[in-house]
Amino acid sequence: MASDSVARDVSSRLLNQEDIRVEAPTLVTRLRRTGAYLKDMAGELWKSKLASCGAFIVLVMILVAIFADVLARHDPFSMTDAALAPVSWEHWFGTDPYGRDIWSRVVHGARRAMVISASAVLLGILLGVPLGAVSGYYGTTTVHVAGRQVRVPLDNIIMRLVDAWLAIPGILFFLLVVAIFGGSDLVLIMTLGVAQVPLLARLVRGSVLSEKTKEYVEASHIIGDSNLNITFRQILPNCLSPIIVQASVSVGFLIIVEAALAFLGLGAQPPTPAWGADLNEAKNFMETYPLLTIFPGLALSLTVLGFNLFGDGLRDILDPRQVEQ
Amino acid sequence: MTPIETADATLRLSRREFVAAAGGGIVGLAALGLPPEAAQAATQPSYGGSIKIGLRGDVSRLDPHHFFPPYPTSNALSLIYNGLTEADYDTNVVPALAHAWETSKDGLTWTWHIRKDVIFHNGRQMTGADVKANLERVLNPRTGAVIRGELSIIDKIELLDDFTLRTTLKDKYYPLPAMLTNRWVPIIDPQSLDSIKQHPIATGPFKFVSWKRLHTTVMARHDTYWEKDPDGNALPYLDEIIGKPLADDTVRLTALRTGEVDMIDAASYRDQARFSEWTDTFDTYQIKALGTIWYYFNAQRPPFDDVRVRRAVAMAVDKQDIMRKTLFGHGEIMDQFYTEASPWRLPGVSSWEFNPDEARRLLKEAGVRPGTRLTMITFNRYNYIKEGAQIFQQNLRQIGFMVNLKILDWGQLTAARKSREWDILGLGSAYRMDPHEYYFKELSSGSPASKQTYGGWVNADYDKLIAAARRTEHKAERVQLYAEAENLIHAEAPKVRTISAHNLSAWHKHVRAYRPNIAGNITYNAGGFRTAWRSPA
Amino acid sequence: MLAYTVRRLLNLIPILFLVTAFLFFIFRFLPGGPIEMMVPPDEVLDEEVRLILEKELGLDRPILVQYFDWLWRALQGDFGESIYSQLPVGSLIMERFPATLYLALAAVVLAIAVAIPMGTIAALRRNTMTDYVAMGTSVFGLTVPNFWLALMMILLFSLGLRWLPSMGYVDPTQDFFGSLKHFIMPAIVLAAYPCAVATRMTRSSMLDELNKDYVYTARSQGLPEWKIIFKYTLKNALIPTITIVGLLFARQLGGTIIIESIFGWPGVGLLIFEHINARDFPVVQGAGLLLAIFFVGINLAVDLMYRLVNPRVELS
């Protein structure tokens, strides 16, 4: 609904206003437009109980990640003699086998999980969206090489690349890259981010294909806007909804992937406070001190739950097909 | 595959512990070590039956000479091999396929008398010519045998008659028998080399049946095996052994408890105490000469090219804390390579006391600024190694070092070690049958491994001691030389030892008369699965 | 339809070509190279031995020659020999592929068997307690990391209640009933995610269908509700569900690594994992290629089926 209204707004402006050719949207108008869009969305979100619940969890987790240093009551690395202590006022979640405070580790783990997966998704968007947009908009394009015209099936090339990308099992890709380039945070972000590209590219391509046929695009053509301009300034803003939904779900998904890799011993390494790595260590205490498995596991599940509910809520709002609900 | 996994070792259960256990006063360690024979002495072994064993490692490959030899500690396939010599319960070197050997006065000529009653798994009789062919194969660079470097001391191999072999050395080398055990030079049928990658033929108590990588190794009884029990009955008793590789501690213990396997070679340290509740179900054995955990300092670059910095760090490591938190007390604090249980335990070796204040003073004296960054690399497979590294990292932080700890998988670790881009390497060395294997390879500047994969420390006095020890025949004199070398290591601190883990091997009570040797070998002279039997249900 | 199928099949060629290139060349970034990995970590390789090995493994040839040689052999079904275990890669993989395939199949069957009734009921009883419970369960499936679920199930059913074995595998073609107890836990864990996705998909497409005009028409004509649901709406609503399950099934084949390592399942996932650690590239290349072929194959099959069932689908 929201996306439709934005689209209608944009297309009507394009069709009716004569001055559109000379006056590209200024920063202020763009910001105002985005602001209104977000406000619109927030309002819709509030109506759905589950979605606002998800948004709340996400918000809390973001705050936890930002203020991890304040919230953590102990140094997550510092080992004490109070090993495997039970839950107490001093140690809200107890301590691990080295006497480290689990609450502090879970809190710092939140920061790590959020930063890595959000950066990865951002990277995926930065790479995947232009790729999909170009693929969808240009299709087959003609370039001049040495005075001759060469038809380049851009869409076909990009889509075959994307297919090949998707054909490599995700976990195999992660394992290979992390094993070979090491599990530093940068490598993780790059790997997880790059792995999001094909999905996003496909998604954007689909949206661009359907937008391309709409009147406002034709209008822009008639006005004489450049292809690049049309793609990135006019079509893309109207494909925002699926991207946002996908991004939200992806953050949740990548948090699981990052944890799974750490659980397999790749990526985050102890003593880095990371949920997956902590779970890997905790699994050896599963029977004797199940507490160790519970808190990082809960934090992980809760965060992923938040992103999923939030993403679902957004989808309900943004996907016009499901408006009836 | 790795140092710890491949440990052999030492220590017969001490009388003190046995008495304590028998007195029933102490639960825990002592009770855990109760030798199964005590309870089973009355019953007679019976033939037949199949046993599933869960080991930490999988068979690496079927050609036993090609890089990864089937270590008798963690590799199920070690049950199909014999060597010219082998370990006994106490890890002394004893005769196996060679029933005797003599050394000439100058120490250069060794004459080996080969057993005449050895039959290969394919029914052919083994002769001196087969042994000669095996030695030649190991010495051939194409084969890629790990022990080739050490054995290149052999100048000539001659066959005196069908069952007598003579090896002539280039120089005196008294560790030779220890280098010809089933661990380093397993004897295979040289006429069946075509099928070695799919179906090895050897002389051991069990013969190869099948191997599914990372899943199962099936071995069947070798009916014409040469070893006999004390009453003259044929060995082994068991019809079949099925090996299961179970790398994960939790998975392995669970498999034992749920009956998926009859025996496991190691229980995680945190679970060891629980076995005292399960004495009705399992018999256990504590392996006390597994190997030793250490940290090497990269002496080839600052700050560890300065002996004061090395000493300071050696004083900063809290070994007690490492043992308590990673082994839950199931181990030994180490200041030398061999544990108390080993026949090579050296007398009079000094130790570093935990003293962070003195460490900080030394660092100041050496001009190391607080906040100096260090890179520590270690291996990701063994919990107690990576856990210990985290504690050491914390210890170093207290004396002012910021340590970037990299816990790497095997491939990354191999590459990282050789890149020399590290300051501290944390790992362990497996038990060595002969001290020369350890002292020469890791620390002598004549060894390529010392410079390329260990600390790269160079000390001429040390090199001389190690060379002299290798050329000395009598054990007592060699012990003296190694003790001197060990004190030099203490003073110069090219590395610091932390702990030695006591592995707990455990099995269901229907597995009878089984016991690994003190280093954890599942097959050794007159013991392990060679003499184990299964009580009929 | 035939032309479409042929075109799609031709499309597979560049895709698989790119996949092989990725699998082959990524190993060239390895520090130290594969030979270093053949040697125990604390050993040093003689230069002499290194040269012999390089020649034996064909690593002394130009990289492109190595690649096309490998590709050419792979096309003929020869994936070479494992560097580490010296076993033929083809048989290593085929020995383990059935275990992975059966597990993925079991998980998919389980997912469908649970998801379709649950999603349908949730749609029919929209916004009731039943709906909330069904959706809550499916959110659980979506968000609980499967390795954690696996650990918890072992804790409860193997160690606590002792109902199910914690590990092991019995070939179902040899002992079907004996194998069931081994399949239960890994299949449930593996099914959790696809089942959750499929439940939600069924519910939402069911809701879509129920809102369509033909349903109103049918209702107004007095057709019984069950007949409308089973005869018309369910059939249409299931198309997207089956599609998504098919795609997840393809993903599943590659995604079982963690589950296999927890349950000691002798599948391809564990094989790949262990051989990545050992840098045994012929095995990883072979197994990776197999999974990729399966993935694109199932994708294609799903697309074709989708088109067959629903001819209105636009061809891209």
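In order of appearance the chains are A, B and C, and numbering begins at 1 in each one.
FYI, a contact is a pair of C-beta atoms (placed from the backbone, for glycine too) under 8 Å apart; a residue touches a chain by one contact, two chains touch by 3 or more.
Since the model is a prediction, treat every value here as computed from it, not as a measurement.
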{"item": "Distance-to-centre winner among chains (Cα means, whole assembly as reference)", "value": "C"}
{"item": "Between B-C and A-B, the pair with more C-beta contacts", "value": "B-C"}
{"item": "Centre-of-Cα separation between subunit C and subunit A, whole angstrom", "value": "23"}
{"item": "Cα-centroid distance, subunit A relative to subunit B, in whole angstrom", "value": "49"}
{"item": "Interchain centroid distance [CA atoms averaged], subunit B/subunit C, Å", "value": "40"}
{"item": "Contacts with 2+ other chains: residues of subunit A", "value": "179, 283, 286"}
{"item": "Touching two or more other chains - residues of subunit B", "value": "409, 411-412"}
{"item": "Multi-partner residues of subunit C (at least 2 other chains)", "value": "30, 154, 159, 261, 277, 279"}
{"item": "Subunit A - residues contacting subunit C, complex", "value": "160-161, 163-172, 175-177, 179-181, 252, 256, 259-260, 263-264, 279, 283, 286-287, 290, 293, 297, 300-301, 304-305, 308-309, 321-322, 324-325"}
{"item": "Of subunit A, residues touching subunit B in the complex", "value": "77-79, 83, 97-98, 179, 182, 265-266, 269-271, 281, 283-286, 288"}
{"item": "Residues of subunit C touching subunit A in the complex", "value": "11, 14-19, 22-23, 26-27, 29-30, 139, 142-148, 151-152, 154-155, 159, 204, 207-208, 211, 251, 253-255, 257-258, 261, 269, 272-273, 276-277, 279, 284, 288, 291-292, 295-296"}
{"item": "Subunit B residues touching subunit A - in the complex, by the definition given at the top", "value": "249-250, 268, 270-271, 274, 325, 380, 383, 386-387, 390-391, 393-394, 405-409, 411-412"}
{"item": "Touch list for subunit C against partner subunit B, complex", "value": "30-32, 36-44, 46, 48-49, 52-53, 82, 84-87, 92, 95-96, 154, 158-159, 162, 165-168, 261-262, 264, 266, 270-271, 274, 277-279"}
